[in-house]
Structure formats: structure tokens, C-alpha cells
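For reference, the structure is listed below as C-alpha cells.
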Amino acid sequence: MKSLSLNKITSKGKALYLAYDQGLEHGPEMDFNDNNIDPLYILDIAKKGKYNGVVFQYGIAEKYYKEIKKSKVPLILKLNGRTKLVSGEPISAQLASVKDAMNLGAKAVGFTIYIGSEHEEEMLEEFAKIRDEAYVHKLPVIVWIYPRGKKIKNDVSRENLAYSARTALEIGADIAKIKYGGKKDDLKWAVKSAERTKIVIAGGVKKNEKKFLKDVKDIMGSGAIGLAVGRNVWQAKDPLGITKKIKKIIWG
Amino acid sequence: MKSLSLNKITSKGKALYLAYDQGLEHGPEMDFNDNNIDPLYILDIAKKGKYNGVVFQYGIAEKYYKEIKKSKVPLILKLNGRTKLVSGEPISAQLASVKDAMNLGAKAVGFTIYIGSEHEEEMLEEFAKIRDEAYVHKLPVIVWIYPRGKKIKNDVSRENLAYSARTALEIGADIAKIKYGGKKDDLKWAVKSAERTKIVIAGGVKKNEKKFLKDVKDIMGSGAIGLAVGRNVWQAKDPLGITKKIKKIIWG
Amino acid sequence: MKSLSLNKITSKGKALYLAYDQGLEHGPEMDFNDNNIDPLYILDIAKKGKYNGVVFQYGIAEKYYKEIKKSKVPLILKLNGRTKLVSGEPISAQLASVKDAMNLGAKAVGFTIYIGSEHEEEMLEEFAKIRDEAYVHKLPVIVWIYPRGKKIKNDVSRENLAYSARTALEIGADIAKIKYGGKKDDLKWAVKSAERTKIVIAGGVKKNEKKFLKDVKDIMGSGAIGLAVGRNVWQAKDPLGITKKIKKIIWG
Amino acid sequence: MKSLSLNKITSKGKALYLAYDQGLEHGPEMDFNDNNIDPLYILDIAKKGKYNGVVFQYGIAEKYYKEIKKSKVPLILKLNGRTKLVSGEPISAQLASVKDAMNLGAKAVGFTIYIGSEHEEEMLEEFAKIRDEAYVHKLPVIVWIYPRGKKIKNDVSRENLAYSARTALEIGADIAKIKYGGKKDDLKWAVKSAERTKIVIAGGVKKNEKKFLKDVKDIMGSGAIGLAVGRNVWQAKDPLGITKKIKKIIWG
Amino acid sequence: MKSLSLNKITSKGKALYLAYDQGLEHGPEMDFNDNNIDPLYILDIAKKGKYNGVVFQYGIAEKYYKEIKKSKVPLILKLNGRTKLVSGEPISAQLASVKDAMNLGAKAVGFTIYIGSEHEEEMLEEFAKIRDEAYVHKLPVIVWIYPRGKKIKNDVSRENLAYSARTALEIGADIAKIKYGGKKDDLKWAVKSAERTKIVIAGGVKKNEKKFLKDVKDIMGSGAIGLAVGRNVWQAKDPLGITKKIKKIIWG
């Protein structure tokens, strides 16, 4: 029993991931244009920007298997997902297995949990099985963990950020992807709550570049090991330009 | 890990399928007459019209196994289905397995997913298992993917068509069967959203022939690889006549 | 892959079955008297009347195993059932397996599906598994298929009879047991809808003999292969007398 | 395929069991005092009273394994149960397996089914699996079968008693434990409805001794093979005294 | 079949455990400060205080595996849990297996059951499977058992304490962790109700030291074998000081 190495998806203990599961989570109309709708456009950014990983669902990972392999960008296979079209308390469907991840050459797996949802139990139990199976194959597990449900008033409150981060530790995630609510001290508390589980921050909706880079600085100052960016990069006019700026903040 | 070949169910990259799962989905009263109620009538059209595949549920595929085999029309086995009699959010029951498909000599499998339904998660998870099993046997997977549920106002809106098509890609379908809402530009956007997942269009209810052929032209102009027709052919007075016209548009 | 033989449960392509699952479905108070409450009374009728099969639930089939075997009446083991005491949309519980049927020497299995029920999906999926397993053992599958649920106004309408019969074909039943609504033309349409799946008609509640025999004539004139009778026989004063009359109509 | 022997849990075809699952079903406050709260007190009564079986849940059977074994009282392991604290339609949780029963040296297993509950289907299906597994090991199956749920007005009506008893036969129980509503004729009808499934009567709440013994006489006169007593014995001042009186009625 | 030994998690038949699953159950904001948020702080108390066990969820047990092993504090792996963010009747998700416990070197496993919850059945059934598996590996099973749900007015009433304790015995737990309602006689009754299942008391929210130590005396006078403390120790200014005082009461 020993901790997994995160070497394949970090550099000097820090990380920058390119997330691209929005096609399923939000639909093309909301986030995509004629360029970024193409997985190869994203893969190209990830490759040239030397990202520590690119996040794809099974379908893209399989249909672009050769290009991903050739790019040498570490694949982070997202194992569950949902459309935004469903009403009611959120649940994410398991769309791929750890075995799929191994077959596709993934270097880590991702899994979404909505704590606070009426379906929390089901997602936690699916997660536990995936965690155990991934452990056998020495695949790090990254949990996308967001408070969501009737009782949740503010999903980025100090309390909820820390609760998300801590839950990730308690259930055995290697890395937790959480949101940033704009208050550095709250994030510090969340990072502290996660202890040996590493924290990366979701980039979220496209923001003004200056504002976004300010956030990146605060995030890195909080003890998080990095970010999983998406729209702020691949919706940008100059994705590699903004990438360079983010990386400079992360690695100095 | 490499993409499946669609050779057995396409010609020169294009496809025309004859769909015949309406007996279960709608009931005989709604769609059938004394001729087309007979699976042999349909199989005869598929054979003489040289369709790239005929879509049957398990029962018909098994009870007409010899005739289907002899016809050499590629069998596309539909693996799930439901009656229209049930109230509430739609869910399609799994009625056959990939193993059934192999036993019946199918060349592809079909699976319905209602994105937006409260049962979306269950259908997505069943799909993922079927996809993995079909992959092992090199059987292409065609997903019938329709937005349905409380939040869905217009299932053929630009946004929903693209969302359906993209979901098919993200979850790893080889071909997605979606509807056409009558706007060519919207369909182009959906085809673009699906990227390496191919799009075929559902023929839908019987239309005026002229109107229907106009639609076929628009559909083929959008980048879709073809159609899965049913009622517009087997409810027509001259099924082979209309077939010939459709094929001329598809293959020129 | 070839069709199952129905030889063991038909004579010259026609069939008369004695159904006796009312003890579970309706309870003794509703249908039974001091005679017909005894399975041996029923078995005796089945034997002397040379029925093509007698329908029992697991418990009776097991507790009267020796007598059933000795009688040489083909056993049709009903695999699911429910009490009438439950509120809400109907679902039938799986009470026996195909393996049980084999152990008990059954010559066919029976399975109830309520199409239109909110639990339709669950019953369809259980059916599909049973069908596949029965196929391996060459056991014919008879489906008791009735429309039931919020959307169903008239379960013996022309539309619903045909829908039931067609569903039986689409899902791969060998024989479908449906109701008769009293209109011969509607039944013909249902028989036509079922195509290669054979139709037998449920006898239903006890009727005036003349009326009942008139129905039997219409049923046989519709293309159905026979009936599954119960109360109209074992509630009759002279069960063998009425049996003889029914058989005369069926086989002439 | 042949019927199980009930020899290990009957004497001359009659039976008296000591039931002690009230700790889980009702809680200690309702039924227990400082004496009868102790399983050894109950085991002592069962041993000295030469009961045909003592009914325990898994926990007691395991924690008092040595004493039970030494006592030579046949163990009837109850396989499911619930607390009375839950609202809504009743369901009994499976707490032990047939394998557990074999490991603990049980001579029969017990299983509760609430017919009429919205969860009837789930209990029936669990029962069927247990029945099949018990059959392999030649362990008799005793079903605690009670009508319960929205539609049930009177759970000891003639109709409901007979329905319970008949259901036990139809599903394949060897013995059914039902209630007695105070009308001997109704019970006779229930016993008749059960046919080859044996009937034992639940003792129920503590009654006046005279009244209780009168009931025992009526029960034995109805064709039931005996009783499963609990509170009327272990809440009595002289448990062995009342036991002797009951046995005298049963065996004469 | 023989009872498990509790030797590895007791001393002279008594026990003091350090519970630390509050990070998942309550979230960091509610219970933690900069010191006690760190699992190593807790482990240090457990080691220096010579606790009979420390309770961790899987994530902490795995990420701090080396330190726990080195500390020689017996690990009690909690196998299920939930966040307090979910609405509705409580259910605890299974987050680790008995196999996980073995891999992590645990000396016992913990499992929460909310009797009275609409999900009681599901938790009871999961528990039964874990109990059987743990039995094979000779791992003691500790059940956190609390009445919770619509029907529960006072979860520490005499009746509910005894019901919790008794349920633990009936279902086969080795040790039951219950609450103390402040009335020694009620607790004595609960301890009596549990018979051979041992009782430990949950420390609960931080109390005035004097009041808390008074409670500990009453608890030990009731027949309970000890306590599982958490906040009253690791929120205290001098955790080892209070530990010493508690131990003096327990072991004299």
C-alpha cells in the first residue's frame, strides 16, 4: 500500500490541464465555435502548450486515439458525465471504465461527484469502485467535486469549498478539482482541508484576461497545485498566448 | 485501439437504412397496413432496393433469421425499445445483447438514448457497456439519440440537434441517428458537432414525396452520410420507386 | 439460429391450455371452491381432457411434481406473478428461473408483461434474459401480455390488442396470450400483427356456456391457434363436458 | 425433484416453535423484561419444553452458537427483518443467506413477505432465490406471510388469510406462518387453500391464558400443523407450564 | 463458527477509540481548526494516548498508510459515510470494502446504519454482506447505529437507545456505537438489550470537561465497555490531558 505517483501528470509538483468535456456537459451551442468544436484544435493547444494533461470523454479519446497518442499529451479520461438537459437533482452517468482508460492509454481518470445531491450515495459508491480499480493499475484519480442540491445555497462559500476538498481526501481521491469563489483565504482553508489530496481549480466561464490571470495568481498563492482550464484558453483569440501567461504564474 | 470499419453498412462512405422498429415503438394501428405489417414485405424492399441495412428488433430478427440471412441485407439489430403506452419520462428497455446480435449475424447494433429524460443516466450507462462489448466484436454502434423530457421545448432546435450529435461523439457512438428540423444550417452545425461520429437522419412520418426528396437533398448537403428511412418508403405506393430517387440523391 | 419447435405443446398446430395461476393473481376467495382449490382436481381435468399444457406457478409444480410427471400433461411453468393486493402500476415478480423450469420438467415457460405500466421496462428486460436462457434449452416462451397503466383506457380495443400481439413478436415470444374483446375483426388484426408469433386467447371470467363457445368459434376463426382456459372450465359443473365442446371447435 | 422432509422440525407431523425475532421487529421496550431479554432464557425454555425449533436472527444465532448447538434445539434462522421505526410500505431486509444458515447449523430458514406492500415484488424475488438455494441444501423454508399495505383493510379477514396461505403454496414455501383472526372456519379455508404447504399460526401478543388455549384448540382443529409462539410463552410467569398445556392440545 | 476475538481493539475488555470521520460527516468548517484538520495531529494523540483504535475513512487510511502503520495504533476503517449536505432520509454510502480494510491493515471495520430511515433496508443488507466477509477474515465489525427518520422523535429516548443496541445484536455486530442521552438507567437497559454485543458510546459534541467526565463515569457504570471519542479530545486544549482522565475512569 503506497501512494500513487503523480509524476506523469505534473511537473515539479504543479499542473496545468486542458479540460474539454463541455461538449457533453453544456452542449456545443453554449461553448463552441467553428474552431474549438474540433478535438484536434484542442489537442493542438495541449500539445504546443505542453499541458500536463488533456481531459476527454471516452468517445473523443477513442475516435482520436492515434492523434492523442502521437501528441504525447497525457490523456485524462473522464469516466462519467451528463447533459445539462435533465431536470432534478444531478447525477453523472458512468460512461467508461478503468479498463477503458487503460486500453486508451490514459495517465489518469476523472470522475464527477455532486455532494449534496440526492444521488450522492450512488456517485460515491461508483467512485469507490473506480478508485480501487484505478489503484491496482496505478492510475491517479481526479475528482471533479461540486456541492449541488436542495440544501446548497452557495456552492463556492468558504464552508462548501472546504467540504468539497475534504470529502475528496476522505474518499481517497488523489487530486480534487474544485471551483474558486474569488476569496483567497477561503481557498487556502480548502487546500488545508484536503491535506494530502492535491487541489486544482476549475477555470470556469470565459473571463476578462486580466481578471483571470489575477485569479490564477491568487489560486497559486493558496497552495493549490494548479488549474484545469478550458474555456478561458480555447475560447481565447490566442490560446497559446494565454497559456504562456498562466504557466508563467504557475511555474514562475 | 483503432476505429471500427463501417464498410459492411456503408457504400462509398454513404448509407441508406430501412428502419422497421415502429411495431414496438408506435404499435401496428398507427403505422401499418396489411402489406407493411409483414416483415417479409420490408425485407423484400430492403433486398431489392439494396439498402445498407435493415433495422429489426430481436423478435423479428430471430423469427425471420433464415430469410434475412438469405437476403444478404445487413442486419442492424436494435438492442432496446419501448411501447408508447407508458406515461412519464421515457426510458428504453434493453431487449437484446451484443451476444444476441452476434448470434443473429448482425452487422451493427442500434440503441436509443433519450437525453434530457430523468432516466438519461440509466440509458447512458447501458449504452457504455454495450459499446465496450460491441467494440470487442468489431460491431459498429448506431445511437438513436433524441432530446426528450421536462426541460425540452423543441427537440429539433439548432441547440438540441447539435447537443444530440455531440453527445453521440462524446459517448463513443460510431453513427448517430438524429432528426432533421427543416433547417439545413442547423443540421450542418450538428454534423460539425459530431465530428468523427457519422450522422444519419431519421425519415420520420410519411411526407409528400416532393417535400421529402427536397429534405433528402438538404440532408445530404449538410454533411450527413445518409438516412434511416421507414414510413416514407414502406408506406409509399411504390417503395422501390422512392428508394431509387433517394439513392440517386445520396450517391448521385 | 433456428425457430423452436412448439410440438410438445401443440397438436396439429392448435392448442388448448389449462391455466391455473389464479390462486396467486386473484386469491382463493375470488375464484376457488372446495373442488377447484385442489391442484389435483385441475391436473385430473388436464389429463382426462388431454390438454396441451397445464399452467402452474413454481410452488404447485414442485409440490405436485410426481403427480404432474405421472399425468404426462405438459407443464407450462409460469415464471412470474403478483397478488392483486398491491396498489399502483402493476409489476409481476420473477418467482422462478428457466433452470427451475428445466428441473421441474417443464415443456414451456410463461411470463407476464404489462405493457404501459411504469414498470414496463423492468418486465421487458427480465423477459429478454429469460427468453435468451430458454432459447438455449429449446423451451418455448409464452408471454401473457396485457396493456395496463395510466394511459390505457380500454385494454381490449383494436389498437391495444394489436399492440400487445405485435410487442410479443418484436420481443421474441413464441406464443402470446392476449385477451379477446368480442370483435372478431380486431382479433384478426392482432393475429396478423403478431405474424410468426402464435396467438392464444385467455378465457377470462366464467361466462354463460353458449356465449363462451360462440367466442371460441370466433377466436378460432380469427387465426389464433387456441385458448388458455381456466375458470370457464374448472368452475364449470362438467369440466370435461365443456372441454370436449371447446376441443371440437378447435380441432373439428 | 422431490419434496423436502420436515422431519427435523416436526414431531408426528405437528410442530411447536418458539419465535424470538421480536427484538428486531418491535424493539426491547415493547416486549422484553429483564428475563426474556436474554437469549439464553429463551433457549432454556425451548430446550426444556422440547420445542421443534427456535427462531433467531443471525446475530443471536452466531453469538450463542455454542449454546444453541449444545441445546440440540433445532435452529430456524430468520433470514430477513426490519425495525418498526420505518415509515411507508413495509419491506424486510435480507440479513442472512442460506449459506449463513448452513454455517450456523440451521434446520430450516424463515423469511417474511408482506403481500400487498409496494415492495411485494422485491420480497417475492428475494424469496424465490432463497427457496432455490435452500432446496439444494434440503433446508425447509418457512414463510412469515402477512397482508400489509394501502389496499389492506383487515389483515385477518377470511379472504386475506386464505390469500396469504395460498400465496405461500404458489411461491413454493414448505410451511407458512400466518395469523389467526379468531374464526375457525376462516382458518380451515386458509389451511385448505395452502394444500401441501403446511400452516403454523403466529401466537401474537400476550393473551389471557384461557383465551389463548381456546385459540390453540381451534387452530389445531382447523388443520394447521401447529404454532409459532413467542410472547404468550416467554412473557408468561411459567413458560414451561403454558408450554406443557399447548403441547397437550397439539399432540394430545 | 466461533465468536471473533476483540483482543486487538480492547484492553482488559475495555476500549477507548479516537473517532475522526467528522471531516466527511460534518465538513471542516463545523469541527476543525488548523491543528485538528491534520490527520497526523490526530494520529499523534492516538499514539501517545495509547488508544485502542483510531477511526479513519479510506482516503486518510490510504494517504497516511505509512504513518499509521508506524504508529501501531490499531486502524478501524470506516466503510461507509455521507455528507450532511443531502436532504431527505439519511443513507450512508459504502466507500470501502472489507478487502480494502485488509489491504490497509485494519484491525476492525466500522459501518453506519440509520434505523428508521426509509433506506434502512439498503443499509442493513449492505451491512450483512460486510459482516459475512469480515467474519471470514476475523475482522470485528463495529456498527454506528442511530435512529433517524420521520417516525423518530427522540433519538436518545430509553426506547430508541435500547432498540439501537438490540438491533446491533440481532444483525450480528460485534460492537455497537450508540449515543448516550444522559440517563444512566436508560443506558443500562440498552447495554442489557445488546447482550453479547459490546456497547461503546459516542462522545458527541464538545462539552464542558467536568460534565463530560461525569458522563464517562456514568457510561462506564452502565456496563458499556468504553467510548469512541473525537471532538471532546481533539478539540480540547490538552488532548492528552483529557485522554488521561478518561482512561483513568475506564481502567481505574
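All chains are identified by letter, namely A, B, C, D and E, in their written order; residue positions are counted from 1 within each chain.
One rule holds for everything that comes next: contacts are C-beta pairs under 8 Å (C-beta built on N, C-alpha and C of every residue); 3 or more make two chains touch, one makes a residue touch a chain.
Every value quoted in this text rests on a predicted model; they were computed, and no experiment measured them.
Taken together, chain C and chain D share no touching chain.
Chain A and chain D have Cα centroids separated by 56 Å. Taking each chain's centre as the mean of its C-alpha atoms, chain A lies 34 Å from chain B.
Shared interface positions of chain C, defined as residues touching 2 or more other chains, are absent. If you draw each protein chain as a dot and join the dots that touch, you get one closed loop, with every dot joined to exactly two others.
Starting from chain A and moving next to chain B, the ring of contacting chains follows the order A, B, C, D, E. Those residues of chain B that touch chain C in the shared complex are 21, 23-24, 27-30, 32, 34, 37-39, 57-60, 62-66, 81-83, 85-88, 91-97, 100, 103-105. Touching chain B in their complex are the following residues of chain C: 1-3, 115-118, 120-122, 124-125, 128, 131-132, 147, 149-152, 158-159, 162-163, 165-173, 189, 192-193, 195-197.
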